[in-house]
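Each of the next two complexes has subunit A plus one more chain, namely subunit B in the first and subunit C in the second.
Moving on to the complex of A and B:
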């Protein structure tokens, strides 16, 4: 019995893993082609106005490596990635993988924290409006979610910085410098700003509300209510777990995109800020590493979503 | 009144009932607000193009720095160089208007093609288009745009092409599920039995009669996203550069004076962004409530 209930899930999850691997391969190829087709090269922007003659420039170029055909470059690069070698940043000379992991962890804190904030605000609003129908309070709450998701996140960031500086005497731009008694506040402010206005609030509320009202009108909920059982417990899987993982998985890319801006506003030492810097320097290895890592986050999110789907609804496994 | 309305839905042909008669009043309020925003953006764009502005948006007036609203004819005040904010807001629409239309057109065209291929024929095409859409959905849009900016150049049309292509999977999946739903209906079968060509069935019976509203809704929501992306990029310094105004770089340059307590030069464009994006969101969501909900039942 136990074997029968576990086996299809393992099979399906390994299938999802295979799909994810295939997608990551496609992602790496796509990213590589973008950079391969791009005009100019990082060396010229690195060495611009820094070398006395073109001979020194050519020498520096051959020091790092001459040109090779695209498939050779791609396969070599892919082989290196398989071995965990993402190359070194052209600007700083540091290994990309270590840099991306170092900043990626900070970004992970930021995105997961802000997801939590979004859900903490959105879920009660959705539950309230699914239970009560259309009321004045409900309308105010819905309007609030619309305003919040249309609010430019950078402007909200400045407002929050201004208020914290002038009202509370805090300087939230100094995250990571350590040795501060209020460091958790510096940590919380960007998380709060991104959680509030990453532009997904209204959609999260909308999706959850629709799913919840659908589930609440199902017959098994009616039965549960009739026999005096908790409708929350009965509606948890279908009404909360699946919609929440679904919407979170689809919104991770948006939140990562918002993180680029928020990290810029709050000087947060994360991946988004590094991507911004790399885009300015045309630092190809670095931005390749960042894009791959970001895509990995997104794939991981949707992998979790699929796994939750499969575990909650084994009928899904038979398809 | 209510009884008549229900009656007409139950027995009448649904498409004969104008949508404003079946819609809830709150959706109509949202829609009129959204349409007002669309109209304002359009009129402002035309005004900006024809040069019919209250002030020259580039005219520097050092006598009147960061004036509050409604001083000396400057309806929305002036920014840190004494330039009229209203005129700059109007000109700032040009930063996203045409590129945004390009992004939307691209998303709708590509999305429709892939959606029809996946939904109408299915099979291998469906698998392939799912793979492509998963591939495109794996990239955080802003990171992908930064990659393109690094690889090519910070050009708004290039960025909006990327936005259009990455928006296409959403449209495609909507069209696909719509077609899969419609294929169970009798009229497609009847049309096939009558010997109509696939092209006629797809273009007339599926796309025109049944997917119009989906496309309109997606265009509306797409515009909101375009504005968000353009302002974010300009804020990050990869979009429109000073002195040419865009709502994003107006917020950014105004923010330098934020700590002095001069909120207005940054808040005015931020409010413009807020009200516009909200208008497009409300319009799209309400249109969705009215046009889509009823028909699926």
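Moving on to the complex of A and C:
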């Protein structure tokens, strides 16, 4: 009996891992091809505006890798990846894996924090309006979430920076510079901005409200009521847990996209900003490393979603 | 047996107002029922006659926003004595103009909270309920055993998990579920409809309620399973002996299980009395509607002779525009010239024609 309840999860995880591996392979190839075909190369960006003779340029090129056909470059990179070597950044010379992990943690902090903010605001509104029906108060609250979700991240970011820094001089402009008394608030700012305007809030409200009120009118909730049990307890799995994980999993790519902008605006040393810089530099190994990491995040989100589904209701495993 | 009834429904009215607040449907319109300790009272009638809404009104489960309930529902058991509809009118404001309802405003959240407050300790503990559709009525995300255990822990003096589990297994055995220990961990989708209904019955009885409301307990099931559930209910009636309000449109079910019966039509009780008397084809003094209902059941003789069943002519009442006279007038076979005008314009009262047998029909008081 116990074995049967564990099994679907093991199957799911091994299947997800296989899918993830294939997906990463496909993504790396696609990104590599896009990079290869797009104009510009790391060396010309690296040597831009430097009065270097073409002889020195050629020497630098052959030192780092030299001109090689694209399939050779890709397979060489892939072979290194298999051995756990993600290469070094062309611009900084630092190992890609370590850099990606370092900035990835910052981005994770930013995205998870902002997600928490989104949920902290959206969930009470959704639950309130699911329970109380359509009232003036929750119309106002719902409109608020729609308006906030529609604000562009970069715009809100600059407004917040302008108000907090230029008007009130609260924080230093650069991340982490100076041990100021308010520095922890500074850490909160980008999290707040992304949390408000990552476009997820209104969707959480809408989806959760609809699911929750649908579940409230299910017959088994009527039974729960009739036996004197809590309808919250009985509607939690279908009406709350599943919709929340669904929406969060599908929104992870968008939040990561928003993180790129927020990191840029707030000078946040995260993966998004590094991706932006790397794209400008045509820093191939770094771009590939970041892409793989981002894809892994997204995949992880959907894995968690599927896992929650299966844990909550083993019947889903069969579908 | 005769004493203060356990559950006494007086003048229960459950109306559903339309969004324009003009027309409304009188789903239950002045129902009086009394449930004596230990007996089974059947409510029978076509669909739309207000049977289920009566049950849902008792449990405070009329969740539709425009539902307004008035009347008295007195519950008197060993532990509790209260009016389940106490102060419920405070949450509804009905504005009348020239005798017509023009506006109904209802503080729905407040109303709901009030009902939940009044019924705390009643739902499950004093009154428990079995629903129509067993598979949809059990939480699909939890095992059958856990759901019964929850009811036991909430509503009985047992608050030890292990003990509650044992008790759950006992009840699963009582409702004749094979290998209860295995079924305990099954989710409802792993059980057949009949099995689910058995589990529902086990859950309802496990709370050891004073009153059991069975709302169409056999309707959602196959014919063969239906008869098994009926015989299970019959056995439980003698072994557990819980006071039951049994609602069904199936006359055979009512006949088998109930001691007394009330026949409902258009939100009213048209006839009530001992079920043996009312539901036997041999007994002639009954409401024309009851007679018509009985005539619509095939008997062995009819099946043999391949004669057609008698459908009741006409449709079930539109409860939005009720006629002024007898509710059944338009479909009645037994209107005579003598009482025609009365039938058409004046509604008869529910009056006793023989001991404990009440009928709402002009035929009986105009002879």
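A few comments on the model shown:
Quick note on the criterion: the second predicted complex is superposed on the first by the 305 of 319 C-alpha atoms of A that agree within 3 Å, B and C clash if a C-alpha of one lies under 4 Å from a C-alpha of the other, contacts with A are read in each partner's own complex, and residues count from 1 in each chain.
In the analysis below, a residue touches a chain if its C-beta (ideal position, glycine included) is under 8 Å from a C-beta of that chain, and two chains touch if they have at least 3 such contacts.
All figures in this text were calculated on a predicted structure; none of them were measured in a lab.
Judged by the touch definition given at the top, the superposed model places A:16 against neither subunit B nor subunit C. Of the two partner chains placed by the overlay, only subunit B lies in contact with A:291; subunit C stays clear of it. Residue contacts after overlaying the shared chain place A:305 against neither subunit B nor subunit C. When the shared chain is aligned, subunit B comes close enough to touch A:261, but subunit C does not.
Counting the residues of subunit A that each partner touches, subunit B and subunit C differ, and the larger count belongs to B.
In the superposition on chain A, contact of A:237 is made with subunit C only, not with subunit B. In the superposition on chain A, A:246 makes contact with neither subunit B nor subunit C. Contacts of A:38 after superposition on the shared chain: subunit B is touched, whereas subunit C is not.
When both complexes are aligned on chain A by C-alpha atoms, no subunit A residue touches subunit B in the first and subunit C in the second. Listed in rising order, the residues of subunit C touching subunit A in the complex are 59, 61, 63, 65, 108-109, 120-125, 128-129, 131, 133, 136-142, 150-151, 154-155, 185, 187, 189, 200, 203-204, 207.
Subunit B contributes residues 26, 131, 134-135, 137-144, 146-152, 224, 228, 231-232, 235-236, 238, 248, 251-252, 255, 258-259, 261, 266-267, 270, 273-275, 277-278, 281-282, 285 to its touches with subunit A in the complex.
Contact residues on subunit A toward subunit B in their complex (touch as defined above): 19, 22-23, 26-27, 30-31, 34-35, 37-39, 134, 139, 146-147, 149-155, 158, 161-162, 165-166, 199, 202, 206, 250, 252-254, 256-258, 260-261, 264, 272, 275-276, 278-284, 287, 290-291, 294-295, 298-299, 302. Interface residues of subunit A facing subunit C in the complex, by the touch rule stated above, are 1, 131-133, 217-220, 222-229, 234, 237-238, 312-315.
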